[in-house]
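Got some structures for you, see below.
You will see chain A twice below: alongside chain B first, and alongside chain C after that.
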Partner chain A sequence: MVRRVLALTSGRIAVAVLAVIALLAVLGPWLAPQDPLATSDNTLAAASGAHWLGTDHLGRDVFSRLLDGSRVSVLGSLEVALVALVVGAIPGILSVYLGRVFEWITLRLADTLVALPFLLFAVAVIALLGNGLTQAMVVTGALVSPLFYRVARAATLSVARSPYVEAALVAGASTGWIIRRHVRVKVLPPIAVALAQTIGVGFVIVSSLTFLGIGVQPPQPTWGGLLASDLGYLSHRPWGPVTPALLIMVTVWACNLLADAIRDVSGEAGRALVNDRKARANRLAKGRPVSAGGAR
Partner chain B sequence: MFTRTTHRRLRPAVRPARRAAVLATAFVALLAPALTACGGGASSATGDGALKWASSYFPAHWDPVVSGSGAQFRELALVYASLTRTDESGKAVPDLAESWEYNDTGDRITFHLRSGLTFSDGEPVDAAAVKAAIERAKKQKNSALFGDLTSIESVEADGLDAVLHLSQVDHQIPQLLGQRVLQIASPKAAAAPENLDQNPVGAGPFVVKQLIPGTKAVLEKNPDYWDADNIHIEDVELVSAPDASTVVSGLRTGVYNFADLDPSQADAAEKAGLDVFVQPGFNASNISLNINKAPFDDDRVVDAIRHAVNRKEFVDKLTFGHGEATDQPFPKGYEAYDPESENAYPYDPAKSKKLLAEAGHAPGDIKLDLVIPSEDPQAEIVQSQLAAVGITVTIKIDKNWATPFFAKDLAFSLYSTTGRDSAVQTLTAHFGPDGPLNLSSPYEPDGFEEAVAKVRQTPLDDPEYKTVLREATRAGLESKALVFTYSSPNLMVKSSAVSDLPKNPAHIDWTGVTVSGR
Partner chain C sequence: MTTAAPGAVGPLASPRPALEVTDLDVYYGRGRGRRQALSGVSLSVAPGETVGLIGETGSGKSTLARTVLGLVRAGAGSVRVAGEDVTGHGGRRWRALRRRGVVQYVFQDPLRSLDPDLTIEDSLTEPLLIQGTGRAEASARARALLDRVRLSEDLLERLPGELSGGQRQRVAVARALITGPELIILDEPVSALDSANRVQILEILKELRAGGVALLLISHDLGSVAGTADRVAVLYRGELVETGTARQVVGDPQHPYTRLLVGSAPTLRGASADRAEREALRALLHT
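Our next item is the complex of A and B:
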C-alpha cells in the first residue's frame, strides 16, 4: 500500500510534509536555538536575527518554543489516534463474532460516546483525574473511537458474510484464523484511512485543548498554547499567531491528504487505478506501435 | 401633463428657493439626531442610553452572602444597596442608613435607616431586614462572609433603627458594612437562598429583568431606589466578557460601551480612540507560603524567597507599566501603607542563594509545586525567578484550587485581592490566625492581634488613627506566610458615550453617570 500511496502526487506531498513534521517532533527540542522556558526583559519583540519569530509576553524566544512544542503537539495527536484505534477497532471487529449481547452493548456504548459533548467530557474527566496531557488524550481518544468501531465493524460484516468465509467456517476454521487470514486484509485499508484522518482531527483537538489550557501545564509550549497566548497580544504582535496556526493547518491538511490517498489506492477502485497506471506504463515502455505499410 | 406644465409656469421664480429650503429642512431633520448623539454632551443630560457592560467578573452567584466580598461585588451593587457606601476619599457615607452613632464605650452602634424604602419585591427596608441580612451572613452554610462579621455579637431591630451589639470595641463597622460585606437582600426573597442566587432582589439602583446564569443580565432602573434622582441610566446590559482580546473590538463596534480591561489591551484601546482610565483601588498580589509545611518551616528558606522576588518584572510584564510594585497588602499611597516597612526585603538573588546554602539546600534541592486555579503568567514569572536562585517550581493547575487553598492544605500558591474598604479587614484577612488569605493558619505574627485591637479601638477621625493603622500593618508584615509582589491597576475602558465615573476607590458607582443614546 505504501508504494501505491507514493505513486500518487498527493500521497507523496502528504508523506513529505508529515515526514518534516515528524522530524520536528523528534529533533525540535534539540534544534531550539534558545531555552524555550527562559524569560527575558525583551518582551513582545519583533522578529530579528536573535529571535527569528520574535519574543512572547514573558520575553521567551517564540521560534524555540515552537520547535520545543512540536513533540508534545505531535505525540498528543498520535496518542489520540492510537487510543481511538485500540478502543474502537478491536470491539468493532469482535462485535461481528462475539454474539448479540456483546454487539448490543458495544453499539450502545459507541452511540453514547458519539452523543457526549467532547469538551465538557474532557473537562469533567480532567477534573477527576487531574490536568495532564495523557489524561486529556485518553479521554479524547475514547470519544473519537466510535469512528474506528463503525469502520471496522462495517468492513468485518462485509467479509463475514462472503461465501469464502462461510466455506472456511464449514471447513472448520476458527474465528481467530478467519480474522487473521481474511478480515484483517479487508479491514486494514479503511482503518488506515480513518487513522490518517484521526491524526489530523487529533491535532485540532490537542490544539483546542491546549488553547483552553487543558492537558498541558505551563510553561510547557504547544502549538495550540502558543496560538492562544499570541491572540492575547494581537495589538503588539499582530503576526504572532500566524506561524503556529500555519503549522497546525499544514499538518492537518497533510493528514487529510494522506487519508485521501490511502482511500484512492485501496479497495477495488484502488486496484483499478493501479492496474490502469501499470497498463499505461507498459504501453509507454513498449513504445508507440508502428503501422504496417506506412510511408517512410 | 397640462396641469403640470401650468404649475411649472405659475411658480418659476420661487421654485428653486423653496425646494432648497425644503431640502435643507429635511437634511437638518435627518442629521439632527445623529449629530446630537455624536456630540454626547447634550443628549447625555437626558440619560436615556443603555449601559452595555462587559465584565470579566460576571457573578457566578447573585446571593451576596454566597458571592462574598471579592471583585464581583461591583456587579452585585447594581441590584443591592448597603447600610453605607464609600466616597471618593474612601470614607463611609450614608447609603440605606442615613446616619449612625456609637455608644460611649464603642461596643454598640446604631444605624438609622431612611424611611419609606422598599426592596424591589415590595418588602420594606427596615431594621428587621438588616438583622436578617447579618444573621444570614453569619449563619448560612455557604456564606463567604461569616469571617468578616466576627465583631458583631447580635442585632436588635427597632423599626428603622438597627442596633448592633459588638463583641469588642470596633470603630471599623461603618466602613465594614458597605457594598463589599453587607449588600442587603429582601428577607422574603432570601428565605429561599438558592432561589435568590439566580433571582436577586435588593433595594439598589437597578432591578434585574432577565438573568442568564454566567452569561448575561438585563436590568432596568429602580424608581424606588433612595437616590433614584441621581441615577441617569435607564437600562443596563451586563455580559460576561468572552475574551480579553475581544473587548476592544466590542467597544469599537458598539456591542459594549463599558468594560474592565486587561493591561495588554490598553494600547489597542487607546489607539482605537476609546477612553482608557484607571479607577483607584487596593489591588495587591502575593505569593502565599504555608509555614506549617516544609521547606517553609525554615525561616531562612522564607527569607530566601523574599529576596528572590523581583517585583519590577511583575509590573513590567503583567501590567504594561500601569501597575506598581508593592511589598504590602495594598498599593503605595493607601492610608494603611507603612512607609517604614517599605523594601524590607529587597531583590537580592545572591543573598537568596546564600540563605538557601546556609539552610543546607544545594541548587535544585528544593522542588515545589505551585498550585494555581488557572493559567496565570504570574506563576511563570515566579517559576523563573525562583529557578534563578536554585529552587525548582512545577506549576500545577487545579480547577478545584479553592478547596485546598481555603482549607490551608497547599504549601505554595498565589493570590490576588481587590482589597477591602476596611483596612482592618484587609489586614486580618491576610495576617489573622483565621484569615482566609493566610495559608499558614493558625499562625499569626507576634503582636499583630494587639495592634489590630488598638486600630479597632481608635475612631476613624482620631488624629492618631493613621499612625495606629500603620503600626498594625508593620506588625502584620512580620508574617512569614506572604510575599507581596505588585498591585495591578483597576483598568477600565469606556466609549465617549459614557460620562466619567466617580473615583470611589475599588468601587464602580453609577451615581450621576450618564450614557448618551448612541
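Our next item is the complex of A and C:
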C-alpha cells in the first residue's frame, strides 16, 4: 500500500510535507538558531538576517519558537490519533466477533462518547488533573475513538458476512485466522484513512487548546500559542500570525491529502489501479494493445 | 411426500452414507417472526453418488446445505456427515470436523467466495494451511490439482478479478478438492456458466464421482443436473416432495411441482408441456 500511495503525485506531496513536519518535530529544538525563551529589547521586530521571522512582543525569535514548538504540536496530535486508534479500532473489530453483550456495551459507549464535546471535556480534565497536554490528549483521543470504532466495525461487518469468510469457516478457520487473513487487509485501508484524518484533527485540537493557553505552561512555545500571542499585536505586526497559521494549515492539509491518497489506492479502486498498470506494462512489453484487467 | 420408487430416499449401495439427513426441521427467526424453512427433510448421499437437489428460489435448498455445513442450526431431526452425528455440535467440534476437510462447499458465486485480495494460489491453499499443512507442501498439492480442473499454472499468481467466470468456478471446485473430501456440496455450480464451461465442470464432477466422492448438486434447473445426478430430490416450500433416480423423476414425475419443473425445462427430452398445461399445474400447486 505504501508503494501505491507513493505512486500518486498527491501521495508523494503529502508524505514529503509530513516528513518535513516530522523532521521539525524531532530536530526542531536543535535546529533553532537562537534560544526560543530568551527575551530581548528588540520587540516586535520585522524579519531580518538575525531574526528570519522577526521577534514577538517580548523580543523572542519567532523562527526559533516555531521550530521549538513543533514537537509539542506533533506529539500531541499523534497522541490523540494513536489513543483513538487503540481505544476505537480494536473494540470495533472485536464487536463483530465477541457476541451480542460486548457489541451492545461497546456501541452504547461509542454513542455516549460521541455525545460529549471533546474540547470542553479536555478543558474539564485539565482543570481536574492539572495543566498538562498529555492527559488532555489522552482524553481527547478517547473521545475521538468512536470514529475508529465505527470505521473498523463497518469494514469488519462487510467482510464478516462475505462468502469468502464463510468459505474459510467451512474450511475450519478460527476467528483469529479470519481476522488475520481476511479482515485485517480490508480493515487497514479505511483505518489508515481515518488515522491520517485524525492526525489532522489532532493538530487542530492541540492548536486550539494551546491557542487558549490550555495544556502548556508559558513560556513554552507551541504553534497555537504563537498564533494567540501574535494575534494580540496585529496592529504592530500584521504578518505575525501568518507563519504559525500557515504551518497548521499545511500540516492539516497534508494529512487530509494523505487520507485521500490512501482511500484512492485501497480496495476495489486500488485493485483497478494495479490492473491498469499491469495492462499498460503488458502493452509496452508486447508492443500491441491488450485489454485491461481481464474478466470481472 | 410422493416417492417415485419405494426406498429411493436411501443411497444406491453403501455401508456408510457420506451424508445422512433425517427428519430435518429448520427455522429462521424467533417468536412471532419464526418461519419454518425446512420441514421433515430426509436425504442421504452415498460415496461415489451424485444427488441433485432441485427447487425454486426460497424452497430451502441453500438452507439445507448450510445446515449440513453447520452454518445454520437444525431445529429438529438429525444430520450425519461422514458417519459423525453433527446435530448437537458446538463451535469447537464443528471446527474440528471442518478441519479434517471431509465436507466441502462450492459457493453459488465463485467471484464472491474467493477473497479479492488473495492470489488464486493463496485461496487454493487456504484449507490446507488451516489444517496446519506447511506452505510449500500446500503449494505443491495445489499445483498437482490444477490438471484435474483444467487450469494452467500461470493463473496461480493472479487475483480472482482477473479470471473468467469458468476459470473461477474451476478454482472454487479445486479449492473444495484440495483436502480430499468425502462429500462436496455444490450450490448452482453451472447456472452462471456458458455451455462450454458448463460441460467442462460437469465432466470434472463425473470424474470426481468415479473417484468415490459423494456430490450434492443444488440447482433450480432440473435440466442442468438430470444428466449428471444418479438421484434427484425435489424440494418445494421446505419439503421434499419427490425423490427417485434421475430417470424416474424426469420420465415419470409424480408431484405436480415436479411435473411443472419437467415441463418447463427446455433442455429435457419430453419437456413438452404447453402453456395451458403449465398453468393448470400451477393452479393445482396453489390449491
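Operating definition for what follows: the second predicted complex is superposed on the first by the 276 of 296 C-alpha atoms of A that agree within 3 Å, B and C clash if a C-alpha of one lies under 4 Å from a C-alpha of the other, contacts with A are read in each partner's own complex, and residues count from 1 in each chain.
By our rule, a contact is a pair of C-beta atoms (placed from the backbone, for glycine too) under 8 Å apart; a residue touches a chain by one contact, two chains touch by 3 or more.
For clarity, every value in this text was computed on a predicted model and none was experimentally measured.
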Quiz item: Just chain B (first), just chain C (second), both, or neither: which does A:E166 touch?
Solution: second
Quiz item: Should A:P218 be classified as contacting the first partner (chain B), the second (chain C), both, or neither?
Solution: first
Quiz item: Given the touch rule stated above, what does A:P29 touch, chain B (first), chain C (second), both, or neither?
Solution: neither
Quiz item: Taking the superposition as given, does A:R181 touch the first partner, chain B, the second, chain C, both, or neither?
Solution: second
Quiz prompt | Shared chain A contacts, counted only where both chain B and chain C touch the same residue | solution = none
Quiz item: So in the complex, which bits of chain B are touching chain A?
Solution: 243-245, 248, 262, 264-265, 267-268, 271, 313, 316-317, 374-375, 377, 379-381, 383-384, 394-400
Quiz item: Of all residues in chain A, which touch chain B in the complex?
Solution: 37-39, 41, 43, 57-59, 123, 126-127, 131, 213, 217-219, 231-236
Quiz item: Which part of chain A faces chain C closely enough to touch in the complex?
Solution: 162-164, 166-174, 177, 181-182, 185-186, 268, 271, 275, 293-296
Quiz item: Once bound in the complex, which stretches of chain C touch chain A?
Solution: 69, 71, 95-101, 103-105, 107-109, 111-118, 123, 126-127, 130-131, 158-159, 161-165, 175, 179
